[in-house]
Each structure stands twice: as structure tokens, then as C-alpha cells.
Amino acid sequence: MAGELVTRQQALPPPGENASLIGWARKNLFSSWFNTLQTLLALGLLALLLRPALVWLFEQAEWRVIQDNFRLLMTGQYPIDQLWRVWLCLHLLAAILGLTWGVWVRGWWYIGGAILLILAVLAALARDPAVRLHLLILVGSALFGVGLGWVGGRRLLGRTLTGAWVLYFPLVLLIIRGISGGEGEFRLVPSNFWGGLLLTFLLTVVGIVVSFPLGILLALGRRSQLPAIRWVSTAYIELIRGVPLITILFMASTMVPLFLPSGVTIDRVLRAMVGITLFSAAYLAENVRGGLQAIPHGQYEAAQALGLSGFHTMTLIILPQALRIVIPVLVGQFISLFKDTSLVTTIGLLDLLGIGRSILANPQYISYQHEVLVFITFIYWSFSFLMSLLSQRLETALGVGQR
Amino acid sequence: MFKNIFRIFGIVLILGLLMSACGGQPTPGPTPAVENTQPIGEPTADTGEEQPEPTASGGGAAQPTQETAATPVAQVTSAQTAVPVPVTASFGETLSTVQDRGTILCGVNGQLPGFSFLDPDGNYSGFDADFCRALAVAVFGDPTKVEFRSTTTQERFTVLQTGEIDVLFRNTTWSLQRDSELGFNFGPTIFYDGQGIMVPADSGITALADLDGGTICVQKGTTTELNLADVMATEGVSYTPAVFDDVNATYGAYAEGRCDAVTSDKSQLSSVAKGVLPDPDAHVILDITLSKEPLGPLVRHGDDQWFDIVKWTVYATFAAEEYGITSENVEDEATNNQNPEVRRLLGLEGELGAKLGLSNDFAFNVISQVGNYAEIYERNLGEGTPTFIPRGLNSLYTEQGLLYSPPFR
Amino acid sequence: MNQPQNQLPEFQKSAPLWRDERVLRIAGQVLFLILLAAAIVGLIDNMLDNMRRQGLQPDFTFFRLTSGFDIGEHLIPYDRTSTFARAFLVGLLNTLLVSGLGILIATLLGVFFGVCRLSTNFLVRQVARGYIEFLRNIPLLVLLIFLYVGVFIQLPRLREALVLPGPTLLSNRGVAIPGLVAGPTFQTYRLVLVGALLLAAGVWIGLTWQARRSGRAPLTLVWSLLAFLAAAAAGWIWLPSPPLILEPPAVQGLRVVGGVTLSPEFMALLTGLSIYTSAFIADVVRAGIQSVSRGQVEAAKSLGLPAGLILRLIVFPQALRVIVPPLTSQYLNLTKNSSLAVAIGFPELFHVSGTILNQSGRTVEVIILSMGTYLSISLITSALMNWYNQRVRLVER
């Protein structure tokens, strides 16, 4: 049947363009009157806060206080003639990272290239020839590591790589600390000379490396069938999680000498490390326990059906799955640990924040409070933000939540 | 079945290892059992022998010969008083521990210019630091055999109590509570100080009453805090305290104007005003003394020999100034001066050092390598230094001061 | 071919003792406990030994001694003749005050920024994201020191204080806001308030009875609250002179007279704790709202519910289930983080216990007591949270 033309109203105008900038703005910023109001308020707020901040940052702030004290901020009172040892640790790290990149990652070349480019630019800008040399060696060792990894491949270098990572941290401690009784090149640098960002990193790394297995053990202990172990683990976790970190650090620094027989003393830095590790292990235990709880019972049953022992079930089946689920939470905990190392200023250690405050106590720099604090904030923020970006990438790479 | 054994033993072993790593070694025997069965007499012979023998290793298996002087006193007092004094017999080992270690662990401030200040290159300078070096010279003959330990106000007593340091030279006020309850012995006062108040010069404050309703910055955990409360209550002046953890925060807050005044020992106020605050002339220390603050060294209870060593090292510096012996002329005096007191002081006759467990020429070494009291004072707090404080009461008794050394005999 | 039964080996009822799992379990636990007890006893023995060497005995009676020091801010009367126990109490109350106010402000800010994070407006979303990402990645101690040293102490001196409408005085001695002072008719007004409370209770009972009779649910809470406020307001107007007077602060000499002065330490601590925790709470709220599946919202829209009701009746109750446990742990973190005030000089529990420790010399006792107090606060809050969680959890098959 020949239909009549259905008379329509005036044809509607075509839908607004969303591809261009104006279209996008219309959709996201000005779609309704309330939205427009929000946009205007937000713009006003940004202008009010950002403009004075940017003006101060680029024009009024005296950054020479940072330039003058850069070495202090980075390595504290580490003897200047032994700084090459700190650089050595960085070179080793670059080489191992490069190796990891070449063997496992083999991607994200743009990011890697960007980092190396930044280092090269810094090398060109550096005034001190020693620093320039070290930065160039850094770039070189990274490239060497990448090349070696690419050529070697996973099968050949996989084990070496794991071994290198495992050995790296104790080696760093050894290099930084030196050998007692040695004179000249590798002499002992006692821990009261470690300071600044170096101390922050050492505390963080030792905290992460030691508290991770401890936390897993505690989580397993908390879920154990044996009541004694379960109760002791639960008591420890609840006790540590109920008190602030500052009290644990304070207790570690003042009461540890009381617990030892007279004459035996522990390094102050070691006491802080012990306090941080014990604290972090309890929180990690809770996170890992959450992951363990998410594993369906079927996995345990299937492992039993295959005849795997308890230990093998844990290490081969359950823990890999559990840890993969809780990776974002774990990395969040590691970021918290990195930030919490700033609390060691209250027990007298001179980490990044502590050195910053002692610089500000110098009459020469007493009016540069804002500059030093902003710089310290920037350093903490950049490393934490990088770590959280890394955890997001790691999550997608391991396919958490998707398989 | 085996899987469970493995799991149990694995967890038990790991946790057990961890616990034992954290746990201490078994204590070296119960303390009260070490009753003194040695004859009370002849302490000199015993302590004289202790010196060259390397038997006392790490203080763990020391014989109770050194505390022969200590225990009779303890027994007497425990008979007289109702409360038994705990017998701290086995802790008279500090000298042997120090000698085995090869250095003296000296607790200092580290942040107080003029008294003990750690400069960015890692060197300690100051009045207290020099006395630490004098002690090192007395024991080892070498002023470099001392390890300084910067201590905060919070931890200064704890580190001494636990044995982390051997002596505390930290501009600490002598008080009854510290002498008794906290378990310390105070050596001779090396700096007679008083508590003062510092205000900005343009504030117009000249008397305590002017501070009514104001805020006063004070450091936490000091006698300063208590004295301030006492005096303000007595004078009827109301105020608000702003209490800070460490020296830098306290004076930083004062410099920023958070408080109307800051209070501390006058020596500290003056060294901070001249050494730390940006404009020294903008601050004035009021002519008010809130309390007596005798500053001196501290050692733990229970080791009379070490206490004697610290005391007589300090007295040696007083006596040296009294007899006009300086680091420059000490060689000369040793050969030429016939005064028996001087000869005994410098160890040329009398064997006084051996009675303390030190070498006879300990005073000679101290004077020649560190100086007498006047030299130590001039070097750190004298007119040529940025932290100048007039000697005032810190002069010899012959010059209207309070420094008085008992005779070296 | 049949296998005669009597040729089977002897049936062992159980494995030999040294391999029997039950025995091993118990033996293992006993061994573990023995090792642990030995370690702990060893440590404590060392400690007592070291203390005995100093002539110190661990005992808690020193808390009854006079403290001798003053505390700058105290909610209860305190002076230098008060005991150490009272000083400890002052510190505890300061901690609870800061934590309570901090929790309130942090929750409000956190919910606001959490909802903004999900806004349809691009700019608002990014500003909220910037706020959250910035605050989550810096240490709280650095933030507190920056706020104290860089903001609140940099305010002008008392004589040149900034005057905001209120009047509110901003200076480096703190923020002085007008305070409420009891007027002449305050006693009478208290009776009026009691009467208003009774009226509100009556309204509540009446409405509940009516609800049971009619079967419909009136808004009992709202009506009784309104009744209370109306009675209180009526009483205020009816009285000849106002019962509560707003007292403005004024500078007098070296201090501020009148009003309530919030010290810079308090302000820095409160601000720092609130904005720091609000960033975490914002993240928790965002995750909670996102956890409610889209289907719920679409179904509600298809039923014709307006946006406000969707949020109140559908999204929030389900989001709350996901939000509450991490929210409580953030509250606990805030309470524990208040101990960082020791770095800026606010006399809360940790700061005051440090002073007590120094002045009395009793390291072990004071540390045990302060850690025990924090632990009790945490455990009580966790217990309450667990109880709430049990009530609202999804009952699964």
C-alpha cells in the first residue's frame, strides 16, 4: 500500500559536533546551567590558587638554597670523597634495570628513551665534572644492561636476573656501609653519616624486602589451623595495627637498648629499620590475608586432588593467585612505607625531611622555609606518584580482575 | 602426612629463628648474688692490678674487685634505712669496658654552638666536647679516642641509663631528682648558669610582669619548663607555654614571632642568639634569673671508680688554672716547679693517677693536650669567639667565682 | 581367585607416634609456644635487669606525683600542681578533640571530593582528581610541617592581626573566633531545653503510635527534631535577655581576650589531618559508589525515580556496605596520625607522655601506658565496626 507521506514536524537540526574542541567543551563543560556554574566555579578556584603559586614558584622563590645544599639533601653527611660508592650503587641499579628491560619487558621504548634523554640533558647541564661523568656512566650502564638483556634472552639470563635482583640489596648495604677495619677506598662509613634521600631509600628498600616475607608468613599464620600459631599471629597483627608508627619507632629507639644485655648496642638506623619492618609486616599481613580469602575453595581441593603437599599448594597454586589479586593494595602499602620513613626525624635520624629541617635551622637559610619544604614535597610526591603509576601498569599487564 | 610435618616444622623453625635473633643472650647471672666476699681493705692494690690485665673481656665476666668501695656503703645504708637500696654490685666495670673498646662514648648536644656543635663536615666543637676529649686523654692519652653521640633532650637520660654512652656532657642541670630517682651521679659543675628569658628588643618587655597573658616558647622535658611554671605561679603572672620537641623548633617558633619570649639557660640563649638567630642585636636577654642551673657531667649510679675518674679529670683542669699551668708552660712547670702540690698534680710524685686506675701523668696529658679550664673556656666561650659569655661565677674561688678543686693529695 | 582375608597385613590403627599427625600438631604448637615464651621471658628479664642496675623498679604509682609543668591547651582544669595522671588525661582529651573534629571535617570533605570525582563535568572531575592524587602521595608529616611553618606561623603578628567578618582575628597566635558565653538567663534556659527535649520525645512517641495504627511511616525523626528546635527558639525569644551571648575576641596587650582562640598548632594539625584523610576518604567513597552496578541505577530510572531519591534510596545504602569498613580504618588512621603533633608542638597524648617520660624518668611505664591507650581506642573502634558490619553484611548462601 502506498503509504501516505507521514507529515513530520520540522526536521530536527543535526546533532551537535562532538569531535571538535568546541563540541567537546559543550558536552563536558557547558551541557546544562548547573554544569556551566560548576565550570565557572572551578575555573575561578584554579585562578585564585594557581596564579599566586605559579608566580611564587618561578619568580619569587630563591632556589639557591636547594642548589647550595643539594648534596646534603641527597646523601646527608656521607663523606664527600666516598660519594663514588653511592654512584656505584646507582650504576648497578641502572644496569640491572636495563637487564630487566631487555629480558622481560621489551616494550615501552618511548618511556625508557625519555628517561635516558632526561639523564643525558641533566648530564649536559651539570656543572660539576664528576657529576657529569657519573650521569653519563649511568646512561651507559643502562644501555649496556638493555643490550645484554636483548641479546641474552629470557632462557639464558632469566635465572641470572633473579639472582642479580636478590643479591643487589645486600650488596648495596655492604657498599654503602663499607668494611670495618678497611682503610682508604672501602672504609666503614658508620650509619650516623647516612642521611638525606639515601637514608630514605635505604629504609624503604630494607623495609619492603624484609617485611614482605614476614607479612606473608604472618598472613599464613593467621589462617593456620593450629590455634597457637593463629592466636599469636592475630595478637601480633592487632597489636601493631592498633598503635601509631611513631610510638613503635620511639619504643624501638629508646627501649631496644633496655632489652639487650648491657654493652650490646644496635645501630640507630637499624633500630628504625626494625621498627618500620615490624610495622609494615602487620599491614602487609592483612592485605595478603584479604587476597587469600578471595581464592575459592576449589583451588585447595583441586590441589589436594592432584596430590600436592601443603607447602607446594601454597607456593605453586595459592600464593601466586593471591598475590596477583592484591598487587595494587601491596604497592599502595609500599608507597605508604616510603612516605612513613619521614617519621624517623622524630627519633633524631636525618632522612630527607630531617636534613631539610636542619638546613632550615641554619641562620643563613632560615627564611627559605617554603622553598625547602616545597622541594621535599616534590621529591616525595614524584616518587610516590611514579610508584602508583607503575602499580597501575603492573595491574593491567598481569591482567588482574580479568582472568 | 609429611606435608604437614614439613609445614609445621618450617613455620616453627623460621619463627623460632626470628625470635631468637631478636631475643637477647642469657643474662650473666643474677645481680644480687654477686655479694662482695672480698676483704674490704686494699682497694688500691686490686684496682691497680686491673689495669694491665686483659682478663675483663667486654665486661661479661668481670670480677667484683672494683666495687669493693661500693658495697660496704650499700650494706651500711641498707642497714640504716628502711628501704633496701638495690645492690648494684656488678656494674663497676665501665673503665674496663671503655679500655677494651678503645674509645669513650660521650653523649653531647650537637646543636648548641659554643657547647657542643656538629658542623656539616662531621667535627664536634665546643666546651662540653672539649671536656669529653679531656676525659679521653685522661684514660687513653689521646684526645681522638672519643666517639661523640648527639642526643636529643628526650633520649639523653635513657642512653646513659642503658649504657649506650659512658658519660653525658650535655649542659644538664644538677637536680635532686636526677641525682636520686633517675639513677645518676653528677660530676663537678663545669658551668654555673641561670635560667633567663629572651625577648625581641623592640617589644618593650623589661620585667616578668610585662609578659602577663603572653606566650613563652620552651623546650620539652627540661628543668626550664618546670622552673618557668614555678616562677610564673609565684609571681602571679599568667602565661601560655608553647612547648616544642627540639631546640631548632623552639627557637624557630620564637624567631617567627609565635611567642613573645623564649626561656632557657642563659648560656644557651646567648649562644643561640649569637650563633643561630638571623639578627643577634634584635634580641635581648632580660636581667632576670629564674633559677640556678649548675651544668655538669653525669655518669650512672653504681660505678664509683668511673665517677672518680670523671670528677678528678675536671678538678685537674680547675687546679691547673689555680696554679697557673697552661698547655704552653706545662712542660716547663714539670721540670722547674718545686711546689709539691703541682708536682703531685703533674704526676711527678705521689702516684695519684694509679689510685684512680689511670696513668700517673693523666693530668699532665690533659693540660698539655686540651688545656686548663681557662683555656677550654677561652677557646669556646671566650671574648674572641662568636659565642662569648663573660665568666661570671665560672671563675676560680680566688676571683669571686665558684670553681674550687679539692687538694691533689 | 579369592584372597583369603587372613593373609592381609595387620591393620594398623594409626601411624607410629613420631609420624602421627595429631601428635605432631600438638607437639609443634607446644614447641613454638615454648620458644616464644623463652624469647619473651629473656627480653623482659634483660630489661628488668638493666633497670635494676639503675636502682629503678618498674611501677606505676609515680602517676600520682605532682607534674610540675604547665600545658598550653587543656580542656579540663590543669596547672603545675596537678598530677601526672591528670596531665595524661589532658593529652588524651586533646587527642580525642582533634580526632573527633578531624573525622567530621574529613568525612564532609571526602564525600564532597569523592562525588566530584565522578562528576560529568570534566573540569570538576580533574580538579578533584588533582586534589586526591596530590594529597595521597605526600607524607603527612611534611604536610603538617608545611602548614604550621609555612602557613599558620606566617600570619601577621597580634598587633597587626587580620580581621575577618565575625569578628575573627587571624594572627600567628592563632585564629580567634567569637565564643559563646553564658548570659544571665542561662540557668533558666537549661530548664527550657529540658522541656523542649520532653516535648520532642512526646512528639516521637505520638508519631510512632500513629504509625502503628495507620500503617504509614511518617518522618518521626524530622518532626521531633523540628519540635525540639521550635520549643528551644520559643524559649529563647520569650526570655527577657539572651541566655547565650556571642563574645567577640579582642586584642589586649600580649593576648586575646574573649572568644575562643585556636592555636596555630591546633589549626595546623586539624587542617592537615582533615585534608590528608579526606583524600583517602574521597577515594573510598568513589570506589563505593562505583561498586553499585549500573543496572541498579538504570532500573531506578526506569521506575521513574528522581535523581535525588535514586541516590538516597538505591545507591547510598548499597555503596555504604562497601564504604564503611575502609572508612572506619581511615578514621582509625586519623586518630593514630594525630600523634604526629609532636613535631609541631600540640600537646596531645604522645607529646604529653613524652614530657611525662622526661620529667619523671619512667621510660618503660609511660611507653606502655601510651601505647596501651592508642591500642584501646583502636580496638574499641574496630569492635564497633565489626558489629556494624555483621548487621549489614550480605547474607550469602
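Read from first to last, the chains carry the letters A, B and C; within each, the first residue is number 1.
Methods note: a residue touches a chain if its C-beta (ideal position, glycine included) is under 8 Å from a C-beta of that chain, and two chains touch if they have at least 3 such contacts.
Everything quoted here is computed from the prediction, not taken from an experiment.
Trainee: If you take the mean of the Cα atoms for each chain, which one ends up farthest from chain C?
Mentor: Computed centres place B farthest from chain C.
Trainee: Give the chain pair, either A-B or A-C, that is connected by more C-beta contacts.
Mentor: It is A-C, judged by the count of C-beta pairs in contact.
Trainee: Cα centroid separation between chain A and chain B, in whole Å?
Mentor: About 42 Å separates the centre of chain A from that of chain B.
Trainee: In whole angstrom, how far does the Cα centroid of chain A sit from the Cα centroid of chain C?
Mentor: The mean C-alpha positions of chain A and chain C differ by 28 Å.
Trainee: Find every residue in chain C that makes contact with two or more other chains and list them.
Mentor: 25, 28, 32, 36, 43, 46, 49-50, 53, 149, 342-343, 354, 363
Trainee: Which parts of chain A, given as residue numbers and ranges, touch two or more other chains?
Mentor: Residues 226, 229, 254, 257-262, 346, 357 of chain A touch two or more partner chains.
Trainee: Touching two or more other chains, which residues of chain B qualify?
Mentor: Within chain B, the residues that touch at least two other chains are 4, 8, 11, 15, 24, 27, 91, 154, 158, 162-163, 245, 252.
Trainee: Across the complex, what residues on chain C touch chain A?
Mentor: Contact set of chain C toward chain A: 25, 28-30, 32-33, 36, 43, 46-47, 49-51, 53, 119-124, 127, 133-134, 136-143, 145-146, 149-150, 336-337, 339-340, 342-343, 350, 354, 363-364, 367, 370-371, 374-375, 377-379, 382.
Trainee: Which positions of chain C touch chain B when the two form their complex?
Mentor: 15, 19, 21, 24-25, 28, 31-32, 35-36, 38-40, 42-43, 45-46, 49-50, 52-57, 68-72, 79-80, 149, 153-154, 157, 172-173, 252-255, 263-265, 342-345, 347, 351, 354-355, 357-361, 363
Trainee: Enumerate the contact residues on chain B facing chain A in the complex.
Mentor: For this pair, the touching residues of chain B are 2-4, 6-8, 10-11, 14-15, 18, 24-25, 27-28, 58-60, 91, 97, 111, 120, 122, 150-152, 154-155, 158-159, 162-164, 245, 248, 252, 255, 275-278.
Trainee: Taking the touch rule as given, give the residues of chain A at its contact with chain C in the complex, in rising order.
Mentor: The touching residues are 28-29, 31, 35, 38-39, 42-43, 45-46, 225-229, 232, 238-239, 241-247, 250-251, 254-255, 257-262, 335, 339-340, 342-343, 345-346, 353, 357, 369-370, 373-374, 376-377, 380-381, 384-385, 388.
Trainee: In the complex, go through chain B and note every residue touching chain C.
Mentor: By the definition above, chain B touches chain C via 1, 4-5, 8-9, 11-12, 15-16, 19-20, 22-24, 26-27, 31, 85-86, 88, 91, 153-154, 157-158, 161-163, 177-178, 181-183, 211-215, 220-222, 225-226, 228-230, 232-233, 240-245, 249, 252-253, 256-258, 260, 300-302.
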